[in-house]
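Each structure below appears as structure tokens.
Consider the two complexes below, in which subunit A is the common component and subunit B and subunit C are the respective partners.
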Partner chain A sequence: MPDDISPAGTVPRAAKPVLPGRFTSRHALWMGLFLAVMVSFTFFADSYRLFQLTMLVVYAVAVLGMTILTGYSGQISLGHGAFFAIGSYATAILMSNYNWPYWATVPVAAAASALVGFLIGFPALRLGGLYLALTTFALAVAVPQILKVNALSDLTGGVQGLTMDKASAPFGLPLTGDQWIYLFSLGVGCVVFLMAWNLARGRSGRAMLAVREQAVAAEAMGVGLAGLKTRTFAVSAMITGVAGALSSIAVQFVAPDSFNFFLSITLFVGLVVGGVDSIPGALFGGAFIEFIPNIANDISKAAPGAIYGVILIGFMFLMPRGVGGAVVNLIRRAAGRGTKAGLAQAPAAE
Partner chain B sequence: MNGGQPVLSVRGVVMRFGGVVALAGVSFDVARNQICGLIGPNGSGKTTLFNCISGIYRYSDGDIVFDGSSLTGQPRHRMAALGIGRTFQNVALFRSLSVRENILVGAHHLGRSGFIANALRLPAVRAEELTAARRLDELLELLDLAEVADTAAGSLPFPTQKRVEMARALIGEPKLLLLDEPAGGLNHGEVDDLAELLERIRGPFNLTILLVEHHMSLVMRVSEQVIALEFGRKIADGTPDEVRREPEVIRAYLGETAEEEAHHAGAA
Partner chain C sequence: MTGLLHQIASGIASGAIYASVALALVMIYQATHHVNFAQGEMATLSTFVCLTLIQAGIPFWVAFVVALLLSFAFGAVVERVLMRPMMDAPVLASVGVFIGLLLIINALDGWIFGYTIKPFPSPFHSAHAMLGGYVSPHEIGATALTLLVLVLVWLFFRFTTLGLAMRAAAHNPASARLCGVRVNLMLSLGWGLAAAIGGAAGIMVAPIVFLDPNMMSGILLYAFAGALLGGIDSPLGAVIGGFAVGVLENLFGAYVVGTELKLTVALVIIVAVLVIKPAGLFGRAVHSRV
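== the complex of A and B ==
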């Protein structure tokens, strides 16, 4: 094919083409700084704070799964608590019943939740928007009850749930269990965030965004909707499932009622507060989920729910595009580059 | 009319929407590297025909043969890989994505990397992205889009959006380019630029272009072949001069003008 006769001769070729979403030294600086602070907590924070930080990482990863699904491919899920539960139970069952080491259960939990996500992805092909949201919500309502079923109780522990041994630091490292679990979660979280970011900035992420924006045009460009949507659902479920696995390792206990539909809604709140299509925003979403209920409780023991509601509404008023969007906006303004390109392109372009 | 095997052969294509016949058995051939204009009054079936060729509609009867193989039953997302690129009548850009990202989506079918390769950012992915980015930079220059490359496509003026769509189609290296009213919303100078652009890209990109357009002088200027449709039937097919002299075409267009005037008078 003479396709390579592109008009290169007529146009001066740029020396170095600009890759969207390239990793710049500024990215490296911010990430390095952030990681240094997070790692330093290992040695300064007491075990209660460490547990909270571990859960922050867990919820951030869970929200990240939803970011890929909702922010990138535009599908809404109100049932991601179910994938969180599947990941949690996969880890709990393997550790408790089969004596697997905690770290080996994470890939299995990922695979199990990805498989279920892939299967849920099929109805998602035919259902758009709110109908898909309701279908996933049905899943979230059903899962805790399935976990209580007597026939499965040998495996799941029924209503009682399952308890596990606490992980301890390997290679004789001078760390407490809490410190090690925190570092382990942080490490897994970093890998998952890096992979999600890679996915989002490349060919697959662009295809997801294209489908969200203009499905017909995306198809004309060669994006197969069915394959893309089911795979996106699988990846999203997998990421949230990994969060579930990390949560089991940190809590050392699972029971059906920890995974009621309120968890799904909580994750959805984290998604929106963090910024629907912002990958770093998932961190803020995780922080919101972990800390705001406690803060609300500190402010008023009598009506923590009301305080939580007020804080939530405040966030939505002050940062309608989520914390992630607001931060990107701030950085742009500081860099004096203006905001004409809008924020929605931020995840892939920045 | 032209020697050699046609690159596009439309054979008795029928398209019905319920009881309405939008295309009543349209047939024509387009030779390689030609610009073929498709004209006709509103509702004559031009865009319907486009949507049949690009797989958005499944035609009820007939066949469309592209580059030697039938398009009947091919899924929509296969068309780009077969070599059919297109733009849309009212512009179908990914509005919140930057111009750069919009155009890169056009190269989607040229890539092979899947979810896992992308998540791990394997060297092959990087190489693929670099190749696409290089072509992207050339197209940004060619279509005068370099300055707006990082702007959200939806915030650009309409004529610029049309050029982004053109770039998005061209980066996919199509053999056949379907342009649906590329001159819509353009002023006189911009239409001239467009005509010049079409002349300029067809050679280097090795393109056959099928052009739906109301802007008669543009069609007559750039096309080697013109096909006129009316009520879903072909009423003329030949060189611009031949079609211009065709009594059916004159009648169809004069009729439309008279109707439009009556309509405007009624509205006022």
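== the complex of A and C ==
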């Protein structure tokens, strides 16, 4: 069996890293169009559709947090549901127990998630990617239990959870609560996406990519490995925490069992579907998370899990860069700059 | 004092289960450097198969053996079809495939066998509790059977040619291949064996925790903690780690944090091991060279 001696994986490795380019006028045009369409939904969609679109934005932001972590620094988290939960609960506790206005809770939720992300990431990130996956897997499984603890039930509402008042439009704007919550989430989402874009194409983004591709070489060039990885993890947790806060505001209810292991896995599936290293891909991931389970639930109770599983394995074998990567590839090819980037061999994450 | 003894005894009983699953994880890790996140779901599937056979009127021990043989075949097929192409893939791809497998098996369990929680018969009957009532007959039987499986596995790897070939294939595939060991076949056998060991653990724990598609999710977590505590590349360490986690979990649950935070104990053990001694108690520290 001579071919056995160097077993060639049939799975294409991660392609050459693509740094987000300069922000050109064409980018601005497309983004403007996209935003105009999204904003126009405010006035056309009924309140149920608006809620779904709000949750699309929420999940897209949550997946974006994982994109920064996995796509840019090459670390794997199976427990981002935990940071989503921290963001959600921070907002819920402040709104429900302390009567804070909804908008003021978002920065606090972001800070709380970032802090916990830093504390969890610090020990795990000094080790290989598999250990982080294990630690975060454990975190994801343990979260509902921690939220149910009796000692904290005055704060968290225990098993019952917490309910909040619905946010209403400020300044006497002629908008319903649902419309305003959708616009608010869209606005926060835009800010977070812009921040992530800037982070990724700046100095930190380059350092993260260098760590992903060749950790030793990056260290030799003066990138502080442990520090950078821990900070990346904290930023990633913060972004997902913001998504959690937005979801609390939209749903007006939190309970421990909404933040089970399946939520973390759902976010992971969204990441893979959207494309691990594609920032716009997070939108596809968010759309996938919001709409596919609804469709699948009509088939049977077991269907979402099975569909997620098949899609995960299918994407890993056939489309490891996800929808985002495939779309970028198509656009490039159409523009006559076809590089077959999806098939290019490059050093892998770990 | 009797309370303490009781907690330790039942900790050892659950530790035996964790030790088996941890051993299955370590066997696959040693051979492929992948952690099988679907190990627990594979064990649950074996347990459902066993229950179906028992309900069809087959005696317990026959059903037990048949279920383990089927698990073995299933494990080998999974390795051949899904894992072989993943051999050199980045960590993300293998984790994705394992999680996908976990979801698919979990959904299949629910779809075929239903989500209701089912009682599972115990093969170990006795009119009265043994050892002054500290442990149930099932706990003693399950622990003894688990220990027997572990000893058999050890004997197999230590004293048979096939076991030696499997160890060689896991430790140094290139050299093993040059010595005429069929490495790919050994990997399939290793996966099959791991699936069977996990299946035995599932069938032994089902009478205690009852059977439903999510039966093993917590147990897998304790097995991870046990494997890391013992050292993820040491089979003996995994077994000792599994028992240690079982006892620790019970003692912490009874005296420190209460039963409601038991899963968090596993999380704390995992983080503590990674911070204090990443190689585990019996593992080799890995020094990577540039």
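In the analysis below, the second predicted complex is superposed on the first by the 295 of 350 C-alpha atoms of A that agree within 3 Å, B and C clash if a C-alpha of one lies under 4 Å from a C-alpha of the other, contacts with A are read in each partner's own complex, and residues count from 1 in each chain.
We take it that a residue touches a chain if its C-beta (ideal position, glycine included) is under 8 Å from a C-beta of that chain, and two chains touch if they have at least 3 such contacts.
Small disclaimer: the values here were computed from a predicted structure and weren't measured.
*Asks:* Once chain A of both complexes is superposed, is A:321 in touch with subunit B (first), subunit C (second), both, or neither?
*Replies:* neither
*Asks:* Examine A:229 and indicate which partner it touches, taking first as subunit B and second as subunit C; both and neither are also allowed.
*Replies:* Neither partner.
*Asks:* Is A:268 contacted by the first partner subunit B, the second partner subunit C, both or neither?
*Replies:* second
*Asks:* First (subunit B), second (subunit C), both or neither: which does A:214 touch?
*Replies:* Only subunit B; A:214 stays clear of subunit C.
*Asks:* Of the two partners subunit B and subunit C, indicate the one touching more residues belonging to subunit A.
*Replies:* Partner touching more subunit A residues in the overlay: C.
*Asks:* Classify the contacts of A:133 with the two partner chains as first (subunit B alone), second (subunit C alone), both, or neither.
*Replies:* Touch status of A:133: second partner only.
*Asks:* Given the touch rule stated above, what does A:78 touch, subunit B (first), subunit C (second), both, or neither?
*Replies:* Only subunit C; A:78 stays clear of subunit B.
*Asks:* Of all the subunit A residues, which ones make contact with subunit B and with subunit C?
*Replies:* 5, 7-8, 10-11, 13-14, 216, 348-349
*Asks:* Mind pulling up the subunit A residues that touch subunit C in the complex?
*Replies:* It comes out as residues 1, 4-5, 7-11, 13-14, 70, 74, 76, 78, 120, 123-124, 127-131, 133-135, 137-139, 141-142, 145-146, 148-150, 216, 261, 265, 268, 272, 276, 300-306, 308-313, 315-317, 320, 348-350.
*Asks:* Flag every residue of subunit B that touches subunit A in the complex, lowest number first.
*Replies:* 54, 56, 75-81, 85-86, 88, 92-98, 100-101, 104-106, 108-109, 111, 113-115, 118-121, 125, 128-130, 133-138, 141-142, 149-152, 154-155, 168, 172-173, 201, 204-206
*Asks:* Contact residues on subunit A for subunit B in the complex?
*Replies:* Interface residues on the subunit A side: 2-3, 5-8, 10-14, 17-20, 195-196, 198-199, 202-207, 209-210, 213-214, 216-225, 231, 235, 340-342, 344-345, 348-349.
*Asks:* For the complex, give me every residue of subunit C touching subunit A.
*Replies:* 33-35, 37, 82, 85-93, 95-97, 99-108, 110-111, 115, 174, 177, 182-184, 217-218, 221, 224-225, 228, 258, 260-264, 266-267, 270-271, 274-275, 278, 290
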